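One chain, subunit A, appears in both complexes that follow, with subunit B as partner in the first and subunit C in the second.
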Partner chain A sequence: MLNFFSSNEILLQTIAVFSLLAFSVQISLRAGAFSLAGVGCWAIGGYSLAISDRHDMHPVIGVLIGIVVSAIISYLLALLLVRLRGLYLGMATIAFNQMVGIALIHGGDFTGGELGIYGIGARISTFQLFAVLALVSFLLWALERGMLGRAYNIVRDDEPLAASLGIDSESMRRFAFVLSGAVGGLAGALNAMMLGIVSPTDADFPVIVIALTMVIVGGYHSWLGALIGAALIQWLPIGLQSFGIEGMSEWWSVVYGLLILFIAVYMPRGLLGGLQRLGSLMARRHQDFREA
Partner chain B sequence: MLYEQLIINAAVLGAVFTLFALGLSLTWGALDVLNLAHGATFVTSAWVATSVYSAYELPLASAMLVGILTGGMIGVVADLVAFKPIRLLITNKRQAELSMVAATIGMGFVLDRIIGRATLDQVFSFPARAFPYKDFHIFGARISNIEIIILVLTFLCAVLLNLWISRSRQGMAIRAIAYSAKIPPLLGIHVDRMSAATMAIGGMLAGLSGTLMTVWVSGMAVSTGHSFLLKGFAIVVLGGVGSIRGCVLAAFILAFAETGIVAFGAGNLRDLAAFSLIVLILLFRPQGLFGTRSAMRA
Partner chain C sequence: MHQVIERDANREMIDMQSEPLLNVTDLTVNYDGVVALDHVSLTAPAGQLYGLIGPNGSGKSTFLAAISRHGKVTEGRLEFAGRDYTGEPAFVAARLGISRSFQTVRLQEDLSVLENAMVGADHHRITRPVIFNWLRLVRNRREEAECRETALSALERVGLVDYKDQFPSSLSYGMQRRVEIARCLASDPKLLLLDEPTAGMSPAETDDISELLMGLRDSGLTQILVAHDLSMIHAVTDHVFALNFGKLIAEGNSVDVANDPDVRKAYIGVADEE
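Here is the complex of A and B:
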């Protein structure tokens, strides 16, 4: 067991960090906002940590700065984009991410230009990463149950109904935006500590695609889905390679794409939704059997 | 002299953008598909055309036709394996949109990796002898024969597509599908067939722009698809989703903006043009320049 942890430490760290990124996107999707701004915040968080590290600040302060800056920017973004819905909001937030990337390239010495910032001194252990992950998971779990969770379900699925029940969907969505940004910033800061570098490509299109993929594959209705998605998507390339049937390792990425396609089409609630349905189906069959 | 040349360059760039974005606009407008595989379709078609050309020594035009048909086929396959089952299985509109986005991510990934492996992520193109480049001079500026072909073909495609959408029965059917999901089947419209046709046309337009682009700048790589995809979205949003005229106008606005930025010495800010256009238009006129759909706006 110990051997497993030490040989897969990098994979485990990556899963923890990307789970947080997936949470960031999942929070806004669950609130019914197709916002991908969490990826821009991921870059902002990473740079906040890197820059505060360069000024010899304690890493915890760097992470906090990342979270606060991301949250403030997300709040302003939420005010700005309040009228957009659906795919339009998605486009606007993709544009936001790209502009963050461009700003980072043109930030001069402050952001290190095209190359980004190398040699970040702050480090983080696997244990600390998982402690943070557990904490954030617990927070989201608490948010998703009870009144608040149900209110978010209504805001997502039927806005007029939410209004008729006296739910202020605008302020709820704004809160989801800020939370999503804060978690994105946290994920970015931890990622910067894990890798020791940040670069403008952190806000690039491939990161958006991977974040969205993790959430949709796992299922965006719950934090657990995002966690499953992140773990699967990060593990899959290594997993497919190690199972390698002859010649398989060369084509793993195609298999990976096909898997995403399959889940998108046949499991609208993601893997978690699929598992839950399987579970309830089996429970019902068991019950039928007992009644008969 | 310099300005005339800049205008010609911008116009050709605008034409390539137009061809690319027309397909995106059509599928987004009619089927509510944010097709993230459009860039990969564009690259794949170009790659098939170049490989067919060098493998079978076909005439350039037929190799390009093979590429264009490949694009159409990718569109049809996408519709059959992904969008049709999603339409059947998922009734919630927002959920269906998300599932389709995810499905196109998967598809784009598959295409990207196949082409990436085949080309080792290097630039590919037709051999230099494939096309007899020739320059003409008008108003003191230089325009090559491929540039004239691109401009003419783009004009034809845009006009024909606009006529087809606005005048033909199929065009009306597509507009009906775009308007409502429930009514068209009651009117006897084959939603599945029209959707496959729309995807085929979208794919062929991607193929046409991809092959033309490869001849024009004599080079294409997997990453070209990604940067075109983002610009394509900017154009669609700017022009108004589903509007052909808006799409053409927006493509030229973006091309002139980019050319202008590069000409006035801020080459590395070139990509900023697309994204600031997206943000500005979404803030002040979310339905786009020519858009009619305001339903998306709460």
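Here is the complex of A and C:
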């Protein structure tokens, strides 16, 4: 067991960090906001940590700065984009991510230009990463159950109904937006500590694609889906190799594409949704069997 | 807690002054130059079951949308229990105690019947900002239990308590409608707006709903019922408002309104004016 952990330490760390990134996107999707601004916050969080590290600040301070800056920017973004929905909101938030990327390139010595900032001294252990992941998972669990869970369901699916029930959709969505940004910033800061480097590509398109893929594959209706998606997507390239198929890594993107197609067509609620449906089918069959 | 006290105080105020629950003055709604409602004024004292009738396109749904603040108000003034809420958004109207159903069934497919009703009972907690509800882990458990009780008693009132663990998709249309009414009741409304709750129902189902609405009226709930079925309006309502071309053309008890020449003209379809 210990052997497994030490030989897969990098994979586990990556899973933890990318789970947090997936949470960031899942939080806003769950609230009915197709926002990818979490990726911009991921870059902001990473740079906040890197810059505060360069000024010899404690890593915890660096992480907190990343969270707070991301949350404030997300709040302003939420005020600006309040009327946008669906694809338009998606496009606007992608544009925000691009703007973050461009600002980082042109930030001069402050952001290190195109090369970014490397040689970050702050480090984080696998245990610490998983402690943070557990804490955030717990907070999201609390947000998704009971009354808030029901209310967010309705805000996502039927705004007029939400209003008729006294639910202030706008403020609930704004809260999700800010939380999504904060978690994105946290994820970015931890990623910077894990890799020791940040670069303007952190806000680039590939990161958006991977963040969205993790959430869609795992299922955006729950934090658990995002976690499953992140673990699967990060493990898959390594997993394929360990099946001993030589040269499989070249085919990785084909497998990746097929997987996404399959899930999009047959499991609109992602792997978690598929598993839940399977579970309830089995339970029903079991009940029928007992009644018969 | 504060909100509960305020609500009770409001309720007492209504009882003492017995002023109209809903007061609509010169309500006008324009859609791109088309006048959907034209200076409609009406007063609805508490405790009665009101009918709202009129041919297709007469402005019934626009009226309901305006007073629940889901639709726009171009001109006029809306007062609920003495409070002007003309400029408020729909969720504020709901928090004041105006509950409504929609023309189509709107239930959450991934929530059970009980959970759908609980959504209504969440009404008083949802006024708190998200962050307070989020971090109140221990008290949430107790409130969740109370909310469950409220939802169960609402389901009992509509006769669906045995179906609480089913999902909406497995219920008949009439039952789904009753779940919606239970969801409204769970929010403990002061005014219930029902937009054609019996459209597409069998006569037996319609009778069930009629009985339910009259029972609610007897327990003191003020309701406004929009319906096409005039025999149902006749059977259940205390007072009827008739709309045509966005104007209030008659009001009174159902027999008088049905015999009103303007109403007859509107329904039988005699060409208006020249």
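Following the convention adopted for this analysis, the second predicted complex is superposed on the first by the 286 of 292 C-alpha atoms of A that agree within 3 Å, B and C clash if a C-alpha of one lies under 4 Å from a C-alpha of the other, contacts with A are read in each partner's own complex, and residues count from 1 in each chain.
The rule is simple: a residue touches a chain if its C-beta (ideal position, glycine included) is under 8 Å from a C-beta of that chain, and two chains touch if they have at least 3 such contacts.
On a predicted model such as this, the values are computed, not experimentally measured, just so you know.
Evaluate whether subunit B and subunit C can sit on subunit A together after superposition, giving fit or clash.
When both complexes are placed onto subunit A, subunit B and subunit C end up side by side without any clash.
Give me the angle at the C-alpha centre of subunit A between the C-alpha centres of subunit B and subunit C, rounded to the nearest 10 degrees.
About 90 degrees, rounded to the nearest 10.
Just checking: does A:S70 make contact with subunit B only, subunit C only, both, or neither of them? Give me first, second, both or neither.
In the superposition, A:S70 touches no partner, neither subunit B nor subunit C.
Looking at the overlay, does A:R150 come into contact with subunit B only (first), subunit C only (second), both, or neither?
second
Mind working out whether A:S164 is in touch with subunit B, subunit C, both or neither, as first, second, both or neither?
The second partner, subunit C, only.
For A:M172, using the defined touch cut-off, is the partner it touches subunit B, subunit C, both, or neither? Pick first, second, both or neither.
The second partner, subunit C, only.
Answer with first, second, both or neither: which of subunit B and subunit C does A:G32 touch in the superposed model?
In the superposed model, A:G32 contacts subunit B only, not subunit C.
Tell me the contact category for A:M91 with respect to subunit B and subunit C: first, second, both or neither.
Only subunit B is touched by A:M91; subunit C is not.
Of subunit B and subunit C, which one touches more residues of subunit A?
Result: the larger residue contact count on subunit A belongs to B.
Could you tell me how near the closest CA atoms of subunit B and subunit C get once both structures are overlaid on the shared chain, in Å?
Superposed on chain A, the two chains' closest C-alpha atoms are separated by 11 Å.
Go through subunit A and flag every residue that touches subunit B in one model and subunit C in the other.
157
How about subunit C: which of its residues touch subunit A in the complex?
Its residues touching subunit A are 68-70, 89-91, 94-95, 99-100, 102, 106, 108, 110-111, 115, 118-120, 122-123, 125-127, 129-131, 133-135, 137, 140, 143-144, 147, 183, 187.
Under the definition above, what is the set of subunit A residues touching subunit B in their complex?
Those in contact with subunit B are residues 29, 32, 34, 80-81, 83-88, 90-92, 94-96, 98-99, 102, 105-106, 156-157, 159, 205-206, 209, 212-213, 216-217, 220, 250-251, 253-254, 256-266, 268.
List the residues on subunit B that touch subunit A in their complex, please.
Subunit B residues touching subunit A: 28, 32, 34, 36, 81-82, 85-86, 89-90, 92, 94-95, 97-103, 105-110, 112-114, 117, 226, 229-230, 233-234, 237, 268-269, 271-272, 274-276, 278-279, 282-283, 286, 296-298.
Touching residues of subunit A toward subunit C in the complex: what are they?
Residues 139, 142-143, 146-148, 150-151, 153-154, 157-158, 160-169, 171-172, 175, 221 of subunit A touch subunit C in their complex.
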